[in-house]
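The following pair of complexes shares a single chain, chain A, combined with chain B in the former and chain C in the latter.
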Partner chain A sequence: MTKKLKWSRIYLAVVFLILYAPIFYLMFYSFNSGENMYGFEGFTLDWYRAVFSDTRLLIIVLNTVIIALLSAVISTIIGVFGALAIMYVKQQRMKNTLLSLNNVLIVSPDVIIGASFLILFTIIGIRLGFTSVLLAHIAFSVPIVVIMVLPKLQEMSPTLIDAARDLGASRFEVLSKVVIPYITPGIFAGFFMALTYSLDDFAVTFFVTGNGFSTLSVEIYSLARQGISLQINALSTLIFFVTLALVIGYYFISKRSGGLVGMGVRK
Partner chain B sequence: MAKLIRIFGIVTVIALVLLVVVDRLDASQGGGGGSNTLTVFNWGDYIDEELITKFEEETGIRVIYETFDSNEAMLTKIEQGGTTYDIAVPSEYTIDKMIEDDLLIELDHSQLPNMEYLNPDFMDLSFDPGNAYSIPYFWGTVGIVYNKEMVGRELTSWDDLWADDLRNDILLVDGAREIMGMGLNSLGYSLNTKEESELLEAQEKLQTLSPNIKAIVGDEIKMLIGNGEAPLGVVWSGEAAEIMYENEDLDYVVPEEGSNLWFDNMVIPKTADNVEGAHQFINFMLDPENAAQNAEYVGYSTPNAAGYELLPPEVAEDERFYPPEEVTERLEVYDNLGPEWLGRYNELFLEFKMNLR
Partner chain C sequence: MGTKARNLFLIPYGFWIVFFVAAPLLMVLFYSFRDLDGGFTLANYANFFSSTYFQLAVSSFWYAFLITLFALLISYPTALILTKLKHKQLWLLLIIVPSWINLLLKVYAFLGIFGTYGPANALLEVMGIGERQLLFTDFSFVFVSVYIFIPFMILPIYNALDKLNPSLVDASRDLGASAFESFRQVIFPLTIDGVKAGCQLVFIPSLSLFMITRLIAGNQVITLGTAIEQHFLVTQDWGMGSVIAVFLILSMFVIMFLTGNRKWGLTNDKKA
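Presenting the complex of A and B:
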């Protein structure tokens, strides 16, 4: 038994090593006083200074965060109502059709979604930039939220609602006092999924940005043609630690509030 | 429910606060230029950012700077509309296409007095006669970058690539015009040829190179050669300059049989909002001092004759990037071959790739 445990630990360690090695390699070189990642020449913080003095880069980082937060909030709201709607469709066939249509959007390649949005936005005359990126991110996040919320709804016993009705709750009260609290973990799971999808999306954003608006993934991609400067390493390191801090913070908050906010992620 | 609303409310507020911060940063960067803005669409890392600041200070125009990574990506954005790019910097074969598709605004030369500083050799070329639509920004060649230590001798011609001791050593860029052109040049033909027999001959010759070819790759070619994973490759001069800066064992040569001369030019797309500002920007970049500063920063070759004079001697005298006349004479600019012949080049190149071991 103990021997088995050991092997599984080694296996786990190896997997994590493979997953994290590129990130640590990148972080290591962000302190390189040389110009590139071919050899480590000495310790310096110059690249971090460069990040903070590059206003354009900071604006791009903030834009990325703003888009992620806003699109996650809006798509969560839309997605929750979408999931409720799908749940309360009586006809089984209709329900399956709606669900399949939702899934098709998740599976379709980003490039196709991006190109379609570009064509749509230019036809209806939306200026490419902040609005178009936000709309596109909301659009591709909604199906994900729906998928995260639906299992929670399905798992909820209908007797709960019947009981609430028997006790005299109005429709709105049923929704706000019974259904929503029950599916809260699913809502948060959807919110965080939408957040991460938006943060790391390249393909869709690539098509729909314009007029000086850019997000981090698109910017780094254009830079890659010339070889990525260590400034990007420094920035990535900072983002990694901010993310880490957020995850740890979230862990403690959810522990304290007894797992109420806990992500009951059921994929 | 209340908790949920509160949390989402907080997130929204954070996003809005950040929006205000971005707005502030944006304004502080622009130096209060007001509504007079200029959107520049350029390759990634292809300008000295200090020049943008200098331009903003001199003219009071705020510059919005945006980058692209390929001619095709840029073309798609501009063709599709929905954007207001005032300046774009495509390569010559794309300019051709953009002129044909009526995507560019004709330049008003009277607003570009600094044009006189340009080297006449780089003006009035086949892709844009009379420079009606475009002004050269940087130029370069196609050639061989190689690791002196690993190859152990000097390379001078395309034919050197066929040497037996270079087995499985060569990296090629994945470009039909470049590689077919290399085959044509090595046989002494024009790389704009429209003779089927010459093309077939070139393809046949390329086929015999296949034991020496390690791989046909894209942008990663720089990394592979820079790290010494392959001793030599066929690349554009700008890319070569960049890796040579990082690895001193590398050298670059424009083969003596001839090669391609390429250009990245500034144009004003039809989508432009601020045509006057765009002219001002072009004129600003043509100023010898600015051109020299930019060339020194980016590392590509400047077409600005007066700017060239201002370059530090070790840059200006580097014949690999500013080749002497006897070399430039043998360089050719790509003609627009038309879809039919371009298709033929692509076809032959594809066949060549498929027949590699």
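Presenting the complex of A and C:
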């Protein structure tokens, strides 16, 4: 038995090694004074200095964050409305239809979403740039919020609403004092997922971004196409720590709301 | 709550469905019947089913199949081992963390690792195989894709294994099944839903990864995703791009039908 256990430990260690090695490899070479990802020549922080003194890059980071925050807020609002709508629809068939439509953007490959949004924005005359990217991010974040909020609504006992009504609460009060507080953990989880989806998205943004506007992912792609630049390594190390902070933050939010709510992998 | 309130909730959400779900898909369909001058045509479809594009689709499916297969072979044992650990939730979280790191950065890392002087080649040198061209080959494409997708495969399988009642396995062992037999007859059949969900999560995106083919595989591998990107952003032939997109959407439905229409094990799998 112990021998079997040992082999499984080794197997797991190898999997973890493979999963993390590329990430640490990137981080390690961000401190290389040479120009390449081989042959570590000496320790330097020059690449980090380059990142922080690159005004264009900093503007792109700012763009990315603004898009993420705005799209997360707006898609959370629409998503909560959507979850409530699906909840209050009585007919089962209508409910299922809404749910299927909701999931279309979750299951669609990014290129399909990107290409179809490109057609949409071009036809209705939205200029490619900030607006189109923001709209696209809102669009693909809404279904995620719905899926995070809906289970919370479904586990809420209907007697809770009946009791509030019996005690004289108006419809609005039922919503604001009973329903919304009850589903708050789901709303937070949805907001957080929307935020990270937006920060991380490349393919959809790549399709709907014009010439003048760029987000971090798109910028990394165009830099990486030109080959290795250790500035990307420095940037990725910074991003890694921000991601780690977000994951840890999310972990505690979910723990407080009981278990890992929808802690999923992302496309 | 009354119908009035319901309608109020439905307005913004309905607007979203109409404009961002229904309209874009219809437009892709519409454009697939348009030629470059804006007239109606079936030529795009005829073109697609002529040899080059069809070969492209076939090879794209073949690569997606390989990626899914390798990801499954690596992930199932990993998930199985994970469920037996003491702090399994924490270990699972550690498996998931890399999936939260920007896809492009992970792909970019492999530019260095598979480079001529990178560690992969150094390893080959030590093993006596000698230096090889790793970058810009189909091998590197499959390797990097499998790397990217491992967490996506592990999570649903882990969830399925975690829900499995261990007394069923004990019972099969008590009845004289060997470890392999109880795996084949009990554990695997009872977790097949997780496997299917994982395959869905890996197979469909594998058909459409264009950034990996561009960065890692050079022009050695062209997937359906690469072709769509090419037609929409490079050659500006939206009609042809739309035909490929329609084909991809249809393949997606077929795959989902074959593997059961679950919600991809994305979120609802684990409510607890």
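Going forward, the second predicted complex is superposed on the first by the 222 of 267 C-alpha atoms of A that agree within 3 Å, B and C clash if a C-alpha of one lies under 4 Å from a C-alpha of the other, contacts with A are read in each partner's own complex, and residues count from 1 in each chain.
We take it that a residue touches a chain if its C-beta (ideal position, glycine included) is under 8 Å from a C-beta of that chain, and two chains touch if they have at least 3 such contacts.
What you see is a predicted model, and the numbers here were worked out from it, not measured in a lab.
Chemist: Looking at the overlay, what does A:44 touch: chain B (first), chain C (second), both, or neither?
Modeler: After superposing on A, A:44 lies clear of both chain B and chain C.
Chemist: Between chain B and chain C, point out the one touching more chain A residues.
Modeler: Here the partner covering more residues of chain A is C.
Chemist: Please indicate which partner A:56 is in contact with in the superposed arrangement: first for chain B, second for chain C, both, or neither.
Modeler: first
Chemist: Pick one for A:176: touches chain B only (first), chain C only (second), both, or neither.
Modeler: In the superposition, A:176 contacts chain B only.
Chemist: Could you tell me if A:8 is touching chain B, chain C, both of them or neither one (first, second, both, neither)?
Modeler: After superposing on A, A:8 lies in contact with chain C but is clear of chain B.
Chemist: Is A:221 contacted by the first partner chain B, the second partner chain C, both or neither?
Modeler: After superposition on chain A, A:221 lies in contact with both partners, chain B and chain C.
Chemist: May I ask you to decide whether A:118 touches chain B, chain C, both, or neither, giving the answer as first, second, both or neither?
Modeler: Both partners.
Chemist: Identify the partner contact of A:108: answer first if only chain B is touched, second if only chain C is, both if each is, neither if none is.
Modeler: second
Chemist: By the touch definition above, which chain A residues appear in both interfaces, chain B in one complex and chain C in the other?
Modeler: After superposing on chain A, chain A residues 36, 38, 77, 118-119, 206, 221, 224-225, 227 contact both chain B and chain C.
Chemist: Over in the complex, which chain A residues touch chain B? Could you list them?
Modeler: Residues 35-36, 38, 55-56, 58-59, 62-63, 65-66, 69-70, 72-73, 76-77, 118-119, 121-122, 125-128, 132, 176-177, 180-181, 184, 187, 191, 206, 209-212, 214, 219, 221-227, 229.
Chemist: Which stretch or stretches of chain B touch chain A in the complex?
Modeler: 1, 3-4, 8, 11-12, 14-15, 18-19, 21-22, 25-26, 28-29, 39, 43-46, 49, 64-69, 73, 76-77, 80-84, 219, 222-223, 226-227, 242, 246-247
Chemist: Within their complex, state which residues of chain C touch chain A.
Modeler: 1-2, 5-6, 9-14, 16-17, 19-25, 27-28, 31, 74, 77-78, 81-82, 84, 89, 93-113, 115, 117-119, 147, 150-152, 155, 201, 204-205, 207-208, 210-211, 214-215, 224-225, 228-229, 232-233, 238, 241-242, 245, 248-249, 252, 256, 263-268, 270-272
Chemist: Within the complex, which stretch of chain A touches chain C?
Modeler: 8-9, 11-12, 15-16, 18-20, 22-23, 25-26, 29, 36-39, 77-79, 81-82, 84-85, 88-89, 98, 101-120, 123, 135, 139, 142, 144, 146-148, 151, 161, 171, 174-175, 196, 200, 202-203, 206-207, 216-217, 220-221, 224-225, 227-228, 232, 236, 239-240, 243-244, 246-247, 251, 258-267
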